[in-house]
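A short write-up of the structure that comes next.
Chains here go by letter, A, B, C and D, matching the order in which they are written, and residues are numbered from 1 within each.
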Amino acid sequence: MKKIINDPKTVVAESLRGLAAAHADVLRVEDDPAIVVRVDAPVAGRVAVISGGGSGHEPLHGGFVGHGMLTAAVPGAVFTSPTPDAVEAAVKATTGDAGALLIVKNYTGDVLNFETAAELAAAEGLDVRSVVIDDDVAVKDSTYTAGRRGVGGTVLLEKITGAAAERGDSLDAVEALARKVIGQVRSIGAALTAPTVPHAAEPSFDLAEDEIEFGIGIHGEPGIERTAVVTADELVARMVEAVVTDLPFAEGDKVLLFTNSMGGTPLVELYLAHGIAERLLAERGIVVERRLVGPYITSLEMQGMSLTLLKLDDELTELWDAPVNTPALRWGV
Amino acid sequence: MKKIINDPKTVVAESLRGLAAAHADVLRVEDDPAIVVRVDAPVAGRVAVISGGGSGHEPLHGGFVGHGMLTAAVPGAVFTSPTPDAVEAAVKATTGDAGALLIVKNYTGDVLNFETAAELAAAEGLDVRSVVIDDDVAVKDSTYTAGRRGVGGTVLLEKITGAAAERGDSLDAVEALARKVIGQVRSIGAALTAPTVPHAAEPSFDLAEDEIEFGIGIHGEPGIERTAVVTADELVARMVEAVVTDLPFAEGDKVLLFTNSMGGTPLVELYLAHGIAERLLAERGIVVERRLVGPYITSLEMQGMSLTLLKLDDELTELWDAPVNTPALRWGV
Amino acid sequence: MRGAQGETCTAETLAAALRAAAAVIAEHRVELIDLDRAIGDADHGENMDRGFTAIVSALDTATPETPAAVAKLAATTLISKVGGAAGPLYGTAFLRASAKLGDAAEVDGRLLVEALRAALEGVQARGKAVGGDATMVDALIPAVSAAEEAGDAEIATILTAAADAADKGAESTVDLVPRKGRASYLGERAKGHMDPGARSTALLLRAFAEAAK
Amino acid sequence: MRGAQGETCTAETLAAALRAAAAVIAEHRVELIDLDRAIGDADHGENMDRGFTAIVSALDTATPETPAAVAKLAATTLISKVGGAAGPLYGTAFLRASAKLGDAAEVDGRLLVEALRAALEGVQARGKAVGGDATMVDALIPAVSAAEEAGDAEIATILTAAADAADKGAESTVDLVPRKGRASYLGERAKGHMDPGARSTALLLRAFAEAAK
């Protein structure tokens, strides 16, 4: 697998340099440990909203730092959650009296490292809360397992909590809002190809020319089922069914539909899939009130897509529509 | 090659349905012939800025339709320029007394089809001008050949002329501005993998695991040279050299640097490459005043990148900064 | 394109020849895509197939009364359905041929040759390619010359001579460095590959020749 | 980990054992990546290598005076350099072991066994995995039991018993359906693959055992 890199060990650091150069009006990058911080952080009187995780999912999370979304992002090595000291550095760089909310995707590594960081920050007298997002319906939930993964819903969660923080909500309020979003967002993914991590010689899994992986995560893990290639109609129908029946979403529900590319899927295909999802939801009487289409939470060059549905109410819609100014999401400013 | 499609023959039409559903606030799609039109077109007293070409380069062009950029886009079949009647339909749907500017990428097919459309529209009494963009330095220019290709510069040209039209510039002024931009924008591309068109069974070219194509276009044509895989530092240095020496760009020049993904390149790599380009330009004393980083003119799932440099002056910078509200580029609104 | 007397071409026989050509193009769709993939953008076979399939549909619903009208229907269909370089170029070829055919109900060999010459001139006027640029023109130039040399012969003989020459012309593009069309971007690297448009021109002429037998 | 008397472990011998472990991890980096690729995210070898390389660097610049201080240095280095699941889990293991070692300048077999038990308890406290979940715990549980059974033996004997048991424990994960860590997402599909963390635990214990000989 070919990559535009110099050395697998410096990929993340070098990439952050490019991010900083490209978006100096919105964010800055601090080194050692590497963190991405809103250019105007700490913002007095505002809750800091911080997320992070392994790199390779760009624009998540660094591309969502800025006005109205994340206060800071903590990038780990590719597909490896960041260490507690990096998370702690992000907390310290951005957190004032209003406190901080840590958005943690539900992976053992992320949970453990953020947990430690939260303890360290609390020990320094900072008011830090954590929420864990686990929206992937591919994984059956159970108290005996690692549980569901955090995937596409993370993008929506970061936007909505960021907007709440921006308007001045208290940490209690932002945390409660986050839990509400987590309670009503569901996702599913499918892959046509596997990603290759820079330090590995080979793709993360092998798929034949006539196979797809259904129910994949964002780290090149194989999915829950390997099936034959199907038409876009069939694939999207299966994905919609999986997501809708899980929460479940019901007739008359207002939703945000997020059609996400895993990175390597051409936009012409992604919009095609989005159109199918819109039609299938309309057939079920589910009302798509907002949509997001594009590569927002990716898995390197993986071809594939995910669908995320978030049940909306007036508050969530208003927060979704609120101004945002980040490298990857920008409106209203 | 696997794709999220139903049938190669309906890919473009189905994809446009998804585009329309996703961005109904900004644009509408008209059928038969298929065109993408600003939701509020025709805009009285404003020059219509229209572009188009083969599909498979998304978000170009349909993703750039909206306030402050394209008035209409005309999508052809994948990698096939649209027919004159489609272009004519777009002109008719959007053009009033202020006239229309057609932005044509320099490919034989695009030039011929847009030329015919312009004649047809002129015969109906509409004031239609055409400009042909040919910014790809990989191809040596000559009056005896098809000439240089239109590539990354097209995105910048569409933004800047769209902004001029939006502020009410006359057709003469918009056309002159377009020629100015074309005169001072240069690009180069490189590919790590080839795209596969939906109707073809195989990738457009074969590259070994240790090879890249330098000087590629956006249609899966092989490039001007096949070379061994190099580091990102070397690749970007070669690209910067090719672009800078062509115009040439000189010490002290203010520029817009556009680091573009060909579609399948992960953002983590693209930002890494962008960071290198920023450094190399700084070393040459070329001042990067604006930047655009992302997949904006793509070649389906091709992995690779292109670099585009546009020489800026106050007018161009102001027009670049002007508000834009399209699916793919949005700021200031 | 055997007419009632076996020596002229009517609206009906031209329409039949176009249907036959559509079948040949469909059969060679993948071959043309592959030729175009090597040095272009892998769509020539798809483009031509879309165009000729549309011509067949158009002929199913309309019944143009003169050979010129049939040629014009082919021209407008190609122009409005194909796109790319091939659409306007082949479209222009049929348009110019149609103009040359005038309102004749039956076309003899001599008029056919004039129409072929007009088609070539149309392609060159639009595309600005000359012989040796490695385009469809390299199949058309020798084809028209051969047709002219065949002179007053039967239509089938004329077209067979043209098709034979077009085959050789297409073959000749293998060794050329392209100067027009997408292949020109490749320069020397395009050597060793046949131009897809030259190949489709040869295929069309062969289909017409066979239909005329 | 042979001490001056061959029966205890000092700060120096523990540091040497960690250096030996780093070499073993580097050697098995690709193997661990491949194990993780099959059922996880293909980074375990990279993570462990990054962590143990950092431990070696840390030992190059600091000279902790007690075995506990060496273990603590390893713990903090792993926690701050590795990330992922392995960083906090192995970090906690060394941290708990360090706490158990107290300020002893020399560690005998009995104290070593207690430290191993503390490490296991730390991993389970943080990761909530039990035996049979197909994690590093499945290598650690039998290793600690075997070490306890070896009792008052020489350190090398104790660690060899632990390493042998860890090997078997790692092997046992091949047939399990994972319930913790990334492999749990795969359910039944993860069967037939060894857990990468169990394998790295076995590798570390073997490296320690060899260093103690």
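FYI, a contact is a pair of C-beta atoms (placed from the backbone, for glycine too) under 8 Å apart; a residue touches a chain by one contact, two chains touch by 3 or more.
Computed from a prediction, not measured in an experiment: that's the story for all the values here.
Asks: Using the touch definition from the top, what's the fewest steps needed to get from subunit B to subunit D?
Replies: Minimum step count, subunit B to subunit D: 2.
Asks: Could you tell me which chain lies farthest from subunit A when each chain's centre is the average position of its Cα atoms?
Replies: If we average the C-alpha coordinates per chain, C ends up farthest from subunit A.
Asks: Report the inter-centroid distance (CA atoms only) between subunit C and subunit D in whole Å.
Replies: 74
Asks: Between subunit A and subunit B, what distance separates the C-alpha centroids? Give it in angstrom.
Replies: 29
Asks: Give, as an integer number of Å, the spacing between the C-alpha centres of subunit C and subunit B.
Replies: Distance between chain centres: 32 Å.
Asks: Out of subunit B, which residues touch more than one other chain, so two or more?
Replies: In subunit B, 78 touch at least two other chains.
Asks: Classify the inter-chain contact topology: is it line, ring, star, complete, or other?
Replies: line
Asks: Which two-chain combinations touch?
Replies: A-B, A-D, B-C
Asks: Contact residues on subunit A for subunit D in the complex?
Replies: My answer: residues 8, 54, 76-85, 107-109, 112-113, 116, 138-140, 142, 144-146, 149, 197, 199-202, 204-205, 217, 219-222, 224.
Asks: Applying the document's contact rule, which stretches of subunit C touch subunit B when the two form their complex?
Replies: Within the complex, subunit C contacts subunit B at residues 30, 33, 37, 39-43, 46-47, 50, 79-89, 126-127, 179-182, 184-187, 189.
Asks: Which stretch or stretches of subunit B touch subunit A in the complex?
Replies: Where subunit B meets subunit A, its residues are 1-6, 11-12, 14-22, 55-56, 58-59, 63, 78, 192-193, 209-210, 212, 229, 231-233, 235, 259, 263-276, 278, 288, 291, 293, 295, 298, 300-301, 303, 305, 327, 330-333.
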